[in-house]
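Order of writing sets the labels: A, B, C, D, E and F. Residues in every chain begin at 1.
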Amino acid sequence: MSAPRIHVINPNSNETVTRGIDDAVAALRFPGGPEIVCTTLKEGPIGIETQEHVDGVAIPLRRIVEADNASGAFVIACYSDPGLHVCREGTSRPVFGIAECGVLTALSRAERFGVIAIKQRSIARHIRYLRQMGLTDRLAGERPLELSVAESASDGTLPKMIEVGRALKEQDGAGAIVMGCAGMARHRKPLEEALGIPVIDPTQAAVTMALGTLQVAR
Amino acid sequence: MSAPRIHVINPNSNETVTRGIDDAVAALRFPGGPEIVCTTLKEGPIGIETQEHVDGVAIPLRRIVEADNASGAFVIACYSDPGLHVCREGTSRPVFGIAECGVLTALSRAERFGVIAIKQRSIARHIRYLRQMGLTDRLAGERPLELSVAESASDGTLPKMIEVGRALKEQDGAGAIVMGCAGMARHRKPLEEALGIPVIDPTQAAVTMALGTLQVAR
Amino acid sequence: MSAPRIHVINPNSNETVTRGIDDAVAALRFPGGPEIVCTTLKEGPIGIETQEHVDGVAIPLRRIVEADNASGAFVIACYSDPGLHVCREGTSRPVFGIAECGVLTALSRAERFGVIAIKQRSIARHIRYLRQMGLTDRLAGERPLELSVAESASDGTLPKMIEVGRALKEQDGAGAIVMGCAGMARHRKPLEEALGIPVIDPTQAAVTMALGTLQVAR
Amino acid sequence: MSAPRIHVINPNSNETVTRGIDDAVAALRFPGGPEIVCTTLKEGPIGIETQEHVDGVAIPLRRIVEADNASGAFVIACYSDPGLHVCREGTSRPVFGIAECGVLTALSRAERFGVIAIKQRSIARHIRYLRQMGLTDRLAGERPLELSVAESASDGTLPKMIEVGRALKEQDGAGAIVMGCAGMARHRKPLEEALGIPVIDPTQAAVTMALGTLQVAR
Amino acid sequence: MSAPRIHVINPNSNETVTRGIDDAVAALRFPGGPEIVCTTLKEGPIGIETQEHVDGVAIPLRRIVEADNASGAFVIACYSDPGLHVCREGTSRPVFGIAECGVLTALSRAERFGVIAIKQRSIARHIRYLRQMGLTDRLAGERPLELSVAESASDGTLPKMIEVGRALKEQDGAGAIVMGCAGMARHRKPLEEALGIPVIDPTQAAVTMALGTLQVAR
Amino acid sequence: MSAPRIHVINPNSNETVTRGIDDAVAALRFPGGPEIVCTTLKEGPIGIETQEHVDGVAIPLRRIVEADNASGAFVIACYSDPGLHVCREGTSRPVFGIAECGVLTALSRAERFGVIAIKQRSIARHIRYLRQMGLTDRLAGERPLELSVAESASDGTLPKMIEVGRALKEQDGAGAIVMGCAGMARHRKPLEEALGIPVIDPTQAAVTMALGTLQVAR
């Protein structure tokens, strides 16, 4: 029924981020499994940092979903889940948001979860979204790196992530950590090893759920 | 780090159910992917229908998890998630419960979800568990088939499932359905086609999450 | 500090609706009070009926807010509060959404409130938004007229509104009713008289709150 | 239908507070708008500081509401909303409580709100009331001035209010502040300027809602 | 420390109700245990049916508590818990409300509880109070007898109570019933036998908690 | 109907703890009242410190309840309420858990309660259970002694309990304290005197509720 292809859309126009996502989901490509294609929203901003960025890409994402008849599932690869509901409205095929899937996956791993945000100013937006999903009860806390999206792509970010992750674990009581950004996947494993608790890359979480949906639908 | 094997444990002693689970997860076996092994808890009851059944298999499940050093992840394949927390306490490897994963997966597909239970008397237990997880806000309703586990394995169950699923959709407002039993997977596709909304087999949902966890950990 | 002008923006392009809003807020124009200007979003759809409509007007609304330096407060006059957060991000002046203000005002009038929606399919979106605001605890229910926005502007709608309002009051226990649309203001008074409980026009509620904010800021 | 008069009742017997309220609502008096009359409950205590004070004025407030046929709406001007439900029971005209309206108005201005209380011992009562209203989800925090009601009327209170408001904003994450007392209105503007976030005077909020209700009912 | 006496105060002036309460708590009088004294609030109304009745007895109850130095604990025997907080403020000795204790006791007996109210119009007040206590999550429902307090004292009430209790059990899913009135104790046993689920007399529940508190404090 | 005997079961095999429980409930033994019998689960661990301990005693507790036809009510005397639901399933007689009853009793004494846990690692389990019961809204906090169960039986524990209790009161805002262990009863009174707020021994709370249930059922 559904075509065996997962379309992962990076809503920002930063090709480096898209390539990082592509690497992050490589482990979920199997012989005989769904193709996983990662693309960049050309008209997106260089990073999704504001509500204006979030709302500005909603309709462009919808257009991409509508125009793509070759994919069986979609993943919107930005931790604000821009356009998630409008894309769902435009297709009967499943559309996954990485923030939603990251949190849902964290709930399967620990009693309470923490979130590492890039920026302080995103946190209120994330909390509002968590409340919209009805999933606040098990939030231990969210703390910012206060790095730009660009900086978060540099190697110097890991020590800062460990510091923030440790605060979420030790001060806030988080038993699992969600990395609140699509561009941090390569830090997942070293961060998990440093913290000693599960660390979730939300894009991997979403592509996993898309993969399962497509496979069982065959 | 983790061994590439997922151990799916059927906590009841019904081999037919285990074979059904084995079929249900076949689509998630890939060349190069984790091995997925389905076993039967020999000392389990023929079906998990009461709190006594649920509590009676907790420690036996823990023993199985502790004794199995070859698996990288575990799935407890009963919709009451028996022994989930005691198994998690006994290992640093991830342990997934199918009720938890079924609900979490449904939350990624619809605003509100419904649950089809085998028996009326399980519903209070399920609701209590949902409250424990902090996930009640988006429950549309749970309705029973009022079939025995044995009956639920017969072909006559599909029409009844469609009837109950339709009530969940049309009267309760469910936008996705979770089949509240490990032994119903073969009905997933026809039920989804009949209802026109996503239907989640919880074992497939849990094995999917286990698969993703193992793959990204490599 | 703030300019004494309230800009009420109708996000759909239906001038008849804008005129109805203009009439609805006439009672809130006072000598010496803020000017209340009602405008139409020219690029908006003829009615806001889908998520696509909602998301499609967000950035255009932001542009209008940014370009208008003459107003001290804004009201977005659509019961889905499109663009509310992105507009707030773009100005330090207050921006009010009519859904938010309609519900908040209802909470000051009754223990539990009901909402009359135009369409069934809007209800899930409204409930999700109510959950985002953290205001679900006192919702008695929401019921649809199942009229088009155009039909809702006709005189034949009042009997249907009374029927739906009565169901909200008598079956769901609502002690106040919010009319879930910007274009129903002229039905407020007869509906209130027919039902015997407070009926809130959300645009009037929002303009009232804007008025108060501007006046006390002088 | 309703008479164009708003009766604001100060439930304490302190005429200085009543005069402050009268000044606070002056900006909401318009030519052609409702008359706004502020009176003092002569049998009230000099300040409402305890549960005994709160409960002691409930029935006297009811008697005033019942005896006043000339007003179309009532405002109970004490941040504990004494007698609110018993007054509502005694009339079909709207009765507003300033705590309720202050919080509802704050919810229209910010994601999360903070409350400045006069006394530490009032906070538990306020939180209990907030829970009764079902409005706790977006409370950032409540902090006391630890001033007597009399002291709170002196000019030395503003620096203390700024200090407490800053803690609510910076440590608790409040995006708007509700002044938890009827007698602080003259501090609203300088406090808002010092903090850089909206500050709500609850009496102004309630009178605004009363004004809107009366105007649209004409 | 505490005097071995429990003072049960009937806030209405109906001596027949007080005698019924006295009979209801007789089983909790033990040789060597606390004395249990039941008194009538002479200035109370003949029945507590309205918010005015509730608020009208708050301060008189406080006066009784303050004047009674011979009792170690107090029980306010009306299902609206009038004056509970103001009485607690006036003494360091424990004060129990029968609504609060009835609900808390029901929570120890069943997953979900139902309440039988005397009157429809009390239900909104009860629900508001339950929300104030933070105890709504496990409410199955509340349904009225629509009898006067006087009628509820007649023998004809039992069949009606069984009918309402059955609806709470079978339609609403209640696993225990709280009788929402101080004057129904003699129906507890036959109602419990007819329904087959626990039935809680709230006065007995409160006196039990008072008894335990006094005994362990010795 | 019910036999006048309360069976208090200590699920650990520590006879010293059982004797402490026996002393703790002595004050609730009355001439003519129910017999209160305290027994030790011989196959239990020496202390219930882990989820494995909790789950390991569930079925043995069920067997004891099933085999005891002489008791009218049961109390499971461990603050994790092991086996509570499976025991309830096995009998129509009431079964009380001390954690549940301790919390419910605290809710009758204060706006918010704190819990003193023996060990840090139990707290997540307790919070999960509190969420299961739907009783988290009024939790001020839970803090650990970080003593072994054995140490907690020594006289040196009181100063530590006072320190932890004071933090719960002063930093977390608790108005009552629940001692989160069956073996601390002898510290109740001195702790209460030191803190100046009610301190609840959960076993006494549960036996009190059992006593009331049996007495009114006669």
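The rule is short, and it goes like this: a residue touches a chain if its C-beta (ideal position, glycine included) is under 8 Å from a C-beta of that chain, and two chains touch if they have at least 3 such contacts.
Worth saying up front: this structure is predicted, and the values here are computed from it rather than measured.
*Asks:* Treat touching chains as neighbours: how many steps, at the fewest, connect subunit C to subunit F?
*Replies:* 2
*Asks:* Which chains are in contact with both subunit A and subunit F?
*Replies:* Chains touching both subunit A and subunit F: B, D.
*Asks:* Comparing centres built from CA atoms, which chain ends up most distant from subunit B?
*Replies:* For subunit B, the chain whose C-alpha mean is farthest off is D.
*Asks:* Between B-C and C-D, name the chain pair that shares the greater number of C-beta pairs in contact.
*Replies:* When the contacts at B-C and C-D are counted, C-D has more.
*Asks:* Where centres are the averaged C-alpha coordinates, which chain has the largest centre distance to subunit F?
*Replies:* C
*Asks:* Give, as an integer number of Å, the spacing between the C-alpha centres of subunit E and subunit A.
*Replies:* 52
*Asks:* What's the distance between the Cα centroids of subunit D and subunit F, rounded to whole Å?
*Replies:* Using C-alpha averages as centres, the distance is 43 Å.
*Asks:* Based only on mean CA positions, could you tell me how far subunit D sits from subunit E in angstrom?
*Replies:* Measuring from centre to centre gives 33 Å for this pair.
*Asks:* Send over the residues of subunit A in touch with two or more other chains.
*Replies:* Subunit A, residues with two or more chain partners: 128, 131, 134, 137.
*Asks:* For this structure, give each pair of chains that are touching.
*Replies:* Applying the touch rule to all chain pairs gives A-B, A-C, A-D, A-F, B-C, B-E, B-F, C-D, C-E, D-E, D-F, E-F.
*Asks:* Would you pull the subunit E residues touching subunit C in the complex into a rising list?
*Replies:* Within the complex, subunit E touches subunit C at residues 124, 127-128, 131.
*Asks:* Can you tell me which positions in subunit A touch subunit F when the two form their complex?
*Replies:* Contacts found on subunit A: 111-112, 137, 173, 175.
*Asks:* List the residues on subunit F that touch subunit E in their complex, please.
*Replies:* Touch residues, subunit F against subunit E: 24, 27-28, 30-33, 94, 96, 100-101, 104-105, 107-109, 133-135, 137-138, 188-189, 198, 201, 204-205, 207-209, 211-213, 215-218.
*Asks:* Residues of subunit D touching subunit E in their complex?
*Replies:* 50-52, 54-56, 58-59, 62, 83, 85-86, 88-90, 125, 128-129, 131-132, 134
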